[in-house]
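In what follows, a structure is listed as structure tokens, so that the remarks can point back to it.
Letters are used for the chains, namely A, B, C and D, taken in the order the chains are written, and counting of residues starts over at 1 for each.
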Amino acid sequence: MGMRLSVDPGLDPAGYTFRHDIRVRFAETDAMGIVHHSRYLPYLEEARVAYLRDIGHPYTAWQADGIESAVLECFVRYRQPLRFDEVLTVHTRLASATRTTFQMAYLVTVGEEVRATAVTVHGLTVQGRPVRLPAWLSEHVR
Amino acid sequence: MGMRLSVDPGLDPAGYTFRHDIRVRFAETDAMGIVHHSRYLPYLEEARVAYLRDIGHPYTAWQADGIESAVLECFVRYRQPLRFDEVLTVHTRLASATRTTFQMAYLVTVGEEVRATAVTVHGLTVQGRPVRLPAWLSEHVR
Amino acid sequence: MGMRLSVDPGLDPAGYTFRHDIRVRFAETDAMGIVHHSRYLPYLEEARVAYLRDIGHPYTAWQADGIESAVLECFVRYRQPLRFDEVLTVHTRLASATRTTFQMAYLVTVGEEVRATAVTVHGLTVQGRPVRLPAWLSEHVR
Amino acid sequence: MGMRLSVDPGLDPAGYTFRHDIRVRFAETDAMGIVHHSRYLPYLEEARVAYLRDIGHPYTAWQADGIESAVLECFVRYRQPLRFDEVLTVHTRLASATRTTFQMAYLVTVGEEVRATAVTVHGLTVQGRPVRLPAWLSEHVR
């Protein structure tokens, strides 16, 4: 299907460079008593924003430069459900970069238990047009 | 990454068996002025629920039988953004089925324009345990 | 508490000038098995947008004129829960208008049953500054 | 309109007994570039859950006892918008209690700036039926 997505997230937390904790809100659960599958994407986004802040390139600085990050693709594998009030850890790494797109890999755990893995593919745009990635991005690929 | 997801959604509406229209809510947009990427999953779900109703197996009847449908994987490719007040069409088909999982393929269009393609992989559970798919499901695979 | 909100929504559908139907999505339910209380506000918004389209002043036309509608206050009274797959009707009317703010009243029903009542208070802004309401708005007050 | 809501939240942080910080997610913004008005309710809920944990009566313990907390009414006054990546503080207090309902008051600030005030009214149910409030609740009213 012409997938750009090529990264294998991996189940070992040691393979990730950053971790970010989030507590599940009641509003994020559904009538099956678990976190709705659409609600994982804002968790990944929150972790991604925290990661960029951590490496000194906060997303608000990108915005100030007129750069927007478009999500081109996403993949989530739901392994075990998340429940209300659980504290999940999103392990994150910048997993690959070409001249115009980059891929982020995610491992979601609660304590020692793996709950999900995911990959998102991004491009950068200025005034709606794709632009080349800044040089610093590729230095962070792990 | 151990993906079950194997279906190619395809860009031709003729390859789908069901279509469902949804108008974008303002609440679904984000500060980039477009529909947030997490908001596509409830659109796909709404179309899936409408499809199951259309083929005479509404999800509420599944629930009455104690059957729940778990999302195991999802993949979305965002091709062109969706905007407030646009009416999108979710073209849907039941694209594959094994004894315990099935895959739904989606094409999202606005008029003639392709906006996204997607696949979701599902399993069925009774009291939290995976069960075999009902026989009627595989008859609908296209 | 300095509330602007002053309108009594009323329980009789005959007191409203517009109705709009919405089917509950699974994504809108929570772990209590009912629609989460935060999810009513997008329902009201969808009905408000449909109402403005119906009276010939679609919100997209406001946006084209650089006018934005800010929500200043909201009040919801939850009378009976909403559940997955129910089709709710949002009865709507423009209930009051001053020179700079207007109030919308809502009655949410499923069939003959009242599920909720609500009021939202709005102001209009151009480039972030409050502006006077257009003359046509007050003509629609009921 | 038969409002139960009677509490004046107040603009002075000193009038609240608990505070909880939340950073705005990008997914919570809308096409006006600010946090969508429906997204404040999950913030209030997160603060309420944190407050109950703080006073030694976590909501998960209520659930274990078969008690559910129903939102009966909500009121929000939006004073100044919230934006992406801002860290808001939700000041919270248990503001009143009758035998069957209680009211929570909220003040939302960013630094020294007031952004919103709100009140929610709650009842408790066991198996869907209203029950009397536990004695400890009224001891916390401020």
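The rule is short, and it goes like this: a contact is a pair of C-beta atoms (placed from the backbone, for glycine too) under 8 Å apart; a residue touches a chain by one contact, two chains touch by 3 or more.
Since the model is a prediction, treat every value here as computed from it, not as a measurement.
Engineer: With contacts counted as defined, which of the two, A-B or B-D, has more C-beta pairs across the interface?
Structural biologist: A-B
Engineer: Computing the C-alpha centre of each chain, which chain sits at the greatest distance from subunit A?
Structural biologist: Relative to subunit A, the chain whose C-alpha centre sits farthest away is C.
Engineer: Between subunit A and subunit B, what distance separates the C-alpha centroids? Give it in angstrom.
Structural biologist: The computed centroid separation for subunit A versus subunit B comes out at 22 Å.
Engineer: Between subunit B and subunit D, what's the gap in Å when you average each chain's C-alpha atoms?
Structural biologist: The answer is 35 Å.
Engineer: Which residue numbers or ranges of subunit B touch two or more of the other chains?
Structural biologist: Expected reply: 26-27, 38, 41-42, 45, 84.
Engineer: Which bits of subunit B are touching subunit A when the two form their complex?
Structural biologist: Answer in residue numbers: 1-3, 5, 7-10, 32, 37-39, 41-42, 45, 68, 70-78, 117, 119.
Engineer: In the complex formed with subunit B, which residues of subunit C make contact?
Structural biologist: These residues of subunit C touch subunit B: 23, 25-28, 41-42, 45-46, 49, 58-60, 84-85.
Engineer: Within the complex, which stretch of subunit D touches subunit B?
Structural biologist: Per the touch definition, subunit D meets subunit B at residues 26-27, 29-31, 33-34, 36, 38, 84.
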